[in-house]
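This structure is in structure tokens; I'll ask about it shortly.
Should a chain be cited, it is by its letter among A, B, C and D, assigned in written order, with residues numbered from 1 in that chain.
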Amino acid sequence: MKNLARAAIIAELLGTALLLATVVGSGIMAQALADGNAAIMLLANSLATGAILVVLILALAGESGAHFNPVVSLVFYLRKDISGSQLIYYLFAQLCGAVIGVLLAHAMFDQPLVSEYSTPRTGQGQFLSELVAAFGLVAAILATLRRGVAAVAASVGLYITAAYWFTASTSFANPAVTLARALTGSFSGIRMVDVPMFILAQLLGAMLAFYLARGFRKPGSQ
Amino acid sequence: MKNLARAAIIAELLGTALLLATVVGSGIMAQALADGNAAIMLLANSLATGAILVVLILALAGESGAHFNPVVSLVFYLRKDISGSQLIYYLFAQLCGAVIGVLLAHAMFDQPLVSEYSTPRTGQGQFLSELVAAFGLVAAILATLRRGVAAVAASVGLYITAAYWFTASTSFANPAVTLARALTGSFSGIRMVDVPMFILAQLLGAMLAFYLARGFRKPGSQ
Amino acid sequence: MKNLARAAIIAELLGTALLLATVVGSGIMAQALADGNAAIMLLANSLATGAILVVLILALAGESGAHFNPVVSLVFYLRKDISGSQLIYYLFAQLCGAVIGVLLAHAMFDQPLVSEYSTPRTGQGQFLSELVAAFGLVAAILATLRRGVAAVAASVGLYITAAYWFTASTSFANPAVTLARALTGSFSGIRMVDVPMFILAQLLGAMLAFYLARGFRKPGSQ
Amino acid sequence: MKNLARAAIIAELLGTALLLATVVGSGIMAQALADGNAAIMLLANSLATGAILVVLILALAGESGAHFNPVVSLVFYLRKDISGSQLIYYLFAQLCGAVIGVLLAHAMFDQPLVSEYSTPRTGQGQFLSELVAAFGLVAAILATLRRGVAAVAASVGLYITAAYWFTASTSFANPAVTLARALTGSFSGIRMVDVPMFILAQLLGAMLAFYLARGFRKPGSQ
């Protein structure tokens, strides 16, 4: 494996780890401080997550493309921007990174490294929410790519901040994030039993965005 | 109809739908979580709406100009940037998109697809507020156009975040948005009976901005 | 008077009016919604003010330089960027605009056009705060000028958002704003009797920034 | 000493002073207004700190590189971007500036110039938090340097806003800031006895980021 590829894989692992540390850590902090007001918790959680996404994309786009998300990598594979073996490496790095990020958040807050979430996240509204969340995320990325890294970074960060609020599921929108969040019982957790439907919805949403974007840009469509 | 035009119309429909899904969805989420504190609700609602506007404009300006607003399309028609038939298509796409966005928000939150708002939004202050809101929005767009898409996107997003707070009506500033928000009984709704005066005020505000901007740029005015 | 100059004066008047409408309007809205929590009020007030400043500077810098502030105009006069007669016109436009903005905010919220503030804003801490606030504002402008309008706009907006919080006076930092805010009894008001010391402190802070910046850039200093 | 160097040292002193005035001042203001809700306090504190960092970096990067942080200066020394004597001057300026900033914040709020913090900030979670905080900060700076000052400024501001939330220590991430915050008993303070472990953790985190970044960019690594 070439050094370039190794740097990309480390970037995906590191970026996804910091993303999850932010999602879970800011959720724990918010829960500890917000006197039970869940809107203030989500405000802190959504601003912190959006902010770190901008930073991670500006910092790591040059190394790996800054996917941090299996459905994003899948779409770039379908666009032939990355190869099949690169896809496998990326997914593996994202999953490992996501789990490390959750453990890191728990360790920083002196909590058990793994815990269990109890409130159900299920039903049609949640499924539709994750489909919309992933559709919007992938569409925002594909539509701003031509404007350069800063535009993609701003779009992804602002999109996720908004989507935490406008979807009923608070926009997981990322299978690696979803799986790893099943390891925390805090504010941002999910029951393992609810994970498969979330991931299915995210895949459908991402595919929808991919085909729509291809239609917009199809040779001869203009 | 050419493919280019079709892409523009799809972009207007899609963008307006996501805008409304954000306005209404984030309002429902905020209302559910904020323990009755309306300022926290409006904070979430205004940040989410401003954020998604930046994303939608960065993403779709290249396809349709990213109007998502009948009075904006009207002003661009008066400036001869779009033709009369394009204007009709745009208005239709924006209205359809806006309605779809409200239905989508309700579906994501497992609510009846349509509901009714009960608190009046009426009186001189509300009328003046919508006039100011639309004036400021159109003026901000026209005055930042020459600085490129990123400046327009930032200006519109930040303007709306501010205008949710500084106008007594929370700045609908958009006839398609106003009509569609008559279909929700949640935080961001409006009674159908209050819609016509809102739209009239928005038209007046937009026209005022258009004529002012034309004065600033009139041939020979410098 | 040339048309160019007239456009600049209208820009100063319009920009300062919208600035004040935002400061006062968002204060009234926040006070009405925040259930007595003054931190949430200031959060809304500071975010709205910072946001509109970015928009106004991006929109109007090309017309007038987007000062909206007598001490900023004074500093640009001392730098010989504007003439003495331009300075007079600018100050007049800013004062008129500021008053119009307060009246507009009151009208939008169906309040008496003028009202009176009762809580004292006085003492050494307030004086020092306004001196620091105006120093930082003018320093931020002078130090980012060479980076172009977008950098100045972002700096001014973010600076004011921060300074609302880190100064004990909530950073008026602007004599026209200070005078006009003496016309409102709402959240963002000030007693007329406290205005002179605020303005004196702002002048001192601005002068300090001007001389410091001149030292940094003095011919032969590098 | 050349004038250029003197300007750099003044810039480091001034920037670090304004940074600390913001951290401490916004903490005092938030504590006074937030009715005991610590999440709202941290929201204000994190937004104000992130905002001022963007301003200070945009304003002063051209003078001194805008470090305002001994571990950042140390890393730039190890990269041979600054000399050993420059490093000493920078550290001295940062420490003086940080202390001045705390005194200034206290003076603006009419408080005793120095006070003492009582709640412990200690334990493994706090140590790990500061290590992660400083690692992330230095990594974000090194990874965005090639994108220019605006990208670094945005990254640092957004990173700190997020890190206030995702680390259990609220991310001091800066030895000068840590020492100076031992002089305030308000929201953002720290006991002097907890300072050494914070600084040790910050040094470790910064070194980790430095070596990681060097690995990414090693000659022949691509």
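Of note:
Throughout what follows, a residue touches a chain if its C-beta (ideal position, glycine included) is under 8 Å from a C-beta of that chain, and two chains touch if they have at least 3 such contacts.
As the structure is a prediction and not an experimental result, all values here were calculated from the model.
Where chain A touches chain B, under half of the residue numbers in use are shared by the two copies, so each contributes mostly different positions. The greatest centre-to-centre gap from chain C, using C-alpha centroids, is found for A. Overlaying chain A onto chain D using CA atoms gives a rotation of 90 degrees, to the nearest 5. A separation of 28 Å divides the Cα centre of chain A from that of chain B. Inter-chain centre distance (chain A to chain C, centres taken as mean C-alpha positions): 40 Å. Annotation for chain C: residues 37, 40-41, 43, 47 touch two or more other chains. Interface of chain C with chain B (complex): residues 3-4, 7, 10, 18, 21-22, 24-26, 29-30, 33-35, 37, 40-41, 43-45, 47-49, 51-52, 54-55, 58-60, 62-63, 104-105, 107-110, 149-150, 157.
Put simply, chain A touches chain B in their complex at residues 36-43, 47, 50, 123-125, 128-129, 132, 136, 139-140, 143-144, 146-147, 151, 154-155, 158-159, 161-162, 165-169, 216, 220-222.
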